[in-house]
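Paired with chain B in one complex and with chain C in the other, chain A is shared by the two complexes that follow.
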Partner chain A sequence: MPSDSLCFEANHLSRAFGHGRRRRLAVNDATFTIREREIVSLVGQSGCGKTVLAKMLLRLEKPTSGQLLFRGRPIDAAADPREHWRQVQAVFQDPYAAFNQFFSIRSQLKAAFHLFPQRPSEREMEERVDQALLAVNIRPPDIEGKYPFELSGGQMQRMLLARIFILRPQVLIADEPTSMVDACSRAGILEYLMKLKEELQMTIVFVTHDIGLAYYVSDRIFILHEGQIVEQGTPDAVTQSPTSPVTRQLLDDIPSLHREWIGRAPRA
Partner chain B sequence: MTPILEVDRLSLHYRTRFGGRIHAVDDVSFTLQKGEILGIAGESGCGKTTLVSGLMGLLIPPLHRTTGAVRIAGRDILGLTPDEARRTVLGREVSMIPQGALNSLNPTRKVKDLAADVIRSHDERADRSAIHDRLRERFTKIGLDADAVLDAYPVQLPAGTKQRVVIGISTLLNPKIVIADEPSSALDVSTQKAVIRLLFDLLDEGIVSSMIFITHELSLLRHVSSRIAVMYAGQIVELGTTEQVIFDGRQPYTRALMGSMLSAEPGQKARKPVAIEGAPPYLGQELHGCRFAPRCPVAKPDCAGRDQVLREVKNHWVRCHHAE
Partner chain C sequence: MKLIRHLLRTPGFLVGATLLGLTLAIAFLPPLVMSLDAYQRVGLAYLPPTAEHWLGTDHLGIDMVALLVAGLRSSLYVGFLAGIIATTLGTLIGVYGGYKGGLIDDLLTACTNLFLVIPSLIVLILLSGSLQEGRSLTLIAVFIGCTTWTWTARAVRAQASSLRSRDHVALARINGYGTLGIVFLHILPYLLSYLFMVFILQTASGILSESVISMLGLGPYDSISLGNLLNQAIRNEALSDGAWWAFFPPMVLITVIAFALYVINTSMEGIFNPRLRK
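Coming up: the complex of A and B.
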């Protein structure tokens, strides 16, 4: 259950890129709150500003105007950014970019323990890596001695999730964490993530274009369009009585098993 | 009618640094007809991308052929060296839209240079202005603002445009077969729809004649492909028409895939997606018996000990001796 205290609070938050005539607002006047232990999904077309917004929550991008509070304090006031990153962890879009191509996967997963103030024993680290791998549906021998380029796209993306399962953060920002993961593994990963969320009382911000995913996991969904939050609400409200034409279009474009989608039959 | 592509009992393996073998594709057979879109679905790591390397004749170590053949218009392309394959197969016979295509374009070069390379790789004497005209014509045809896009660097383009550019470049030489490896899973639903429209247009315009569409989204295949092959642990476990596989799947794994889908349709939330317990088998060892047995919700005592073959059930192909 989400609590009443606020994890994030944004007031008229904007982020612009470019100067003069080329100036564009990637995030435009966003006002919202995210409560502790809440799961919020940011949904929208590509380029709508999801990642920029997520990066501001992570203190990786500075707002050009407006205010952003984390647990009641302005984010940019924190002296050491690492303090913020100890509390807020992220899984980012491109799994290949997130891992170093020259080190084995396993050693990089173990390196996650460096972020802990106290490293567990060698044996416990190995065990926790194995546990995290199984949670993302990968058999430990499948990655034994392997480097990032030796895994498939979906396997690589699951390594990122495994790292999160090792780190067990309180606040997680996940940018398209399952875009390359197949439906079966995704269902399993979500199940595990939901369990972990209960156990650790996590707050999670999902950035996704997958409304199915957002619908299934979120307490609330924010629909973004051209930098603006055009709709916020519970999954049922957003999908069943959308108020914005943007939301209606998005829902309409979901390929469904049960209705016409692209106006022509598959080719024989 | 002779098929445009014939995959005949193909097995491929990766050699590991420790002298072992990973059998990523095992005894895969299917055909592709002219004008057809074949969908391939399956869990990540099941061998889809490896299969694609084989279909392009690109056996680059550590990937090797174990047995079998890939024939395009009767010719076995796996007999070619990677160099010959690059010259005579890639781009003209088969072209691929790679997984993670959005990042596949060299960011340091303009789109027009990337595209010109493709033409020059097959026609060294083509002159600049002829190439430029050809690029403009093609990019306009696929709905791009040709002048602006050709002069841009890949990073300056929005995701949907970038994906169109990748598709435009990979089909410049009018390949007979286009293989799209998860072309749209990194895109939002609206952009995805536009990309699929574009692929359909390429077929309608006769720029390409057949397509293989790889995705883990069965609900998307329902609208895209005429037949579907479901893969599990390197093998095809079900092959039939889209209707048969999606609405009347006979192989327990296919059914499990269907059951794990997430949907934002009204009334669907009550239907919790069911994960399949466990992980697929490690492909670096000899496997005996049904590969799905440890995870199969309807496994019987005789399954684990019995190798499964594709057999005909309800007018299509199923790898499960209990299916009926």
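Coming up: the complex of A and C.
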């Protein structure tokens, strides 16, 4: 269950790119809160600013204006960003693009230990990598000496999740983790995400363009359009009585079979 | 591996590689099988080609084959050294600016543009001309490298700044890697094939630049280079004496090396850049 304490708190948060006439606000005056152990979905069409917003939560992009607090302190309060990344981690959309093609998968999973000021012993690192692989149903010998291009898309996406099992962060930013895999793998990925949430009591920010998916997984949904949060609320409120035309458009865009489910299915 | 096999099937690459192999053979094989001394007079001035001296003699009566071999070695040395310097400088400046972005990038780009608009050949001529003594092959190569890195920097900067927004760089950052780690492990490997092509092109232009300044009489004092041979031929009236063997072979060699390197570069671009592959 979500708790009452706040994980993220954003006040009039904006991020602009470019100068002068070409200046464009990717995120425009966003104000929101995300509670601990809550699953929040950022939903919107391509280019609506959801990834930029996610990157600001990850401390990979700096806000141009406004305030972003993480657990009550400005997100850049610690000089060493690794402190933030030990607590907040991410899964990306395209696992092939997320791994360096020049290094073996295993060495890149082990690279996650860079985040710790004191790295565990070689044996402990190997053991933790093995455990993480088993947690996502991959036998460690299967990826021994393999490179990213030698694995399937579903396997690669699970490698990104294995990284999370290694790091065990408290907050996870999942940027469209299911949009590049087939329907079967998608169910698997969602299952692992839920397993992570249960095991680690995680806060999850789920970025997606699929409002149907967001309906199933989230406690709250934020609808983004042209950098602004045009609507936020519980999945039922957002899908049953949308106030913004953007939300209605997103709901209209899901295939009809799917839409019937939203009307009928009791929420898990 | 597949790329290399593809490359070996490209006619342009094969032509370039064969020509380059031939010039390298001319530079390094003859001293192993015959005695060549580029400082020893073997006959009268401007002797035409004979069975003993295949390309005749120069204005001092030195065997032209010996001079060509020595000159070719120096030219290759200058070219490779200038290529290494220009590629390294340009890559470091470009990658750092492109990855860092912001003010550092703006400053480095401004600096690069400043160097880019200064005509490098004129700077080279002025630099070489201002040095009365101690103009060595190495120094000339350093001059060339230091004046031609600019476009490498620009091209690499563009590539690096597009790579920095890729997911694998974001993942490296949230893995806790610093700027150096990211640049060396996560950006440079992606640029390797490109940098190799840049290096080949910089080497070719290094060889050409050296020939130009040597031909103008501003080359190294202490060694023989292909440009130097041309300069000597012009100054000692090889043209009016009809001694074609004094200037034609060095000219052919310069042309062949530059042509071979350019052809290799173009054919590699066709392989490494899939959009150009037919």
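Convention: the second predicted complex is superposed on the first by the 218 of 268 C-alpha atoms of A that agree within 3 Å, B and C clash if a C-alpha of one lies under 4 Å from a C-alpha of the other, contacts with A are read in each partner's own complex, and residues count from 1 in each chain.
In this section, a contact is a pair of C-beta atoms (placed from the backbone, for glycine too) under 8 Å apart; a residue touches a chain by one contact, two chains touch by 3 or more.
Since the structure is predicted, the reported quantities are computational estimates derived from the model, not experimental observations.
In the superposition on chain A, contact is made by A:A214 with chain B only, not with chain C.
Once chain A of one complex is fitted onto chain A of the other, the partner contacts of A:S46 are limited to chain B, with no touch recorded for chain C.
Looking at the shared chain after the overlay, A:A183 reaches chain B, while chain C stays out of its contact range. When chain B and chain C are set side by side, the one touching more residues of chain A is B. When the shared chain is aligned, chain B comes close enough to touch A:Q155, but chain C does not.
In the superposed model, A:D236 lies in contact with chain B only, and not with chain C. Taken together, the two structures place residues 94 of chain A in contact with chain B in one case and with chain C in the other.
Contacts from chain B toward chain A in the complex involve residues 14, 16-18, 35-37, 42-45, 48-49, 99-100, 103, 158-160, 182, 185-193, 196-197, 200, 203, 216-220, 222-226, 242, 246, 256-257, 260-266, 268-269, 273-282, 284. Contacts from chain A toward chain B in the complex involve residues 44-47, 94, 96, 134, 137-139, 141-142, 145, 150-155, 158, 176, 179-188, 190-191, 209-216, 235-236, 239-240, 249-251, 253-258, 261-262, 264, 266-268. Contact residues on chain A toward chain C in their complex (touch as defined above): 55, 58, 60, 81-82, 85, 89-90, 92-94, 97-103, 111-112, 114-115. Listing the residues of chain C that touch chain A in their complex gives 166-168, 170-177, 185-186, 189-190.
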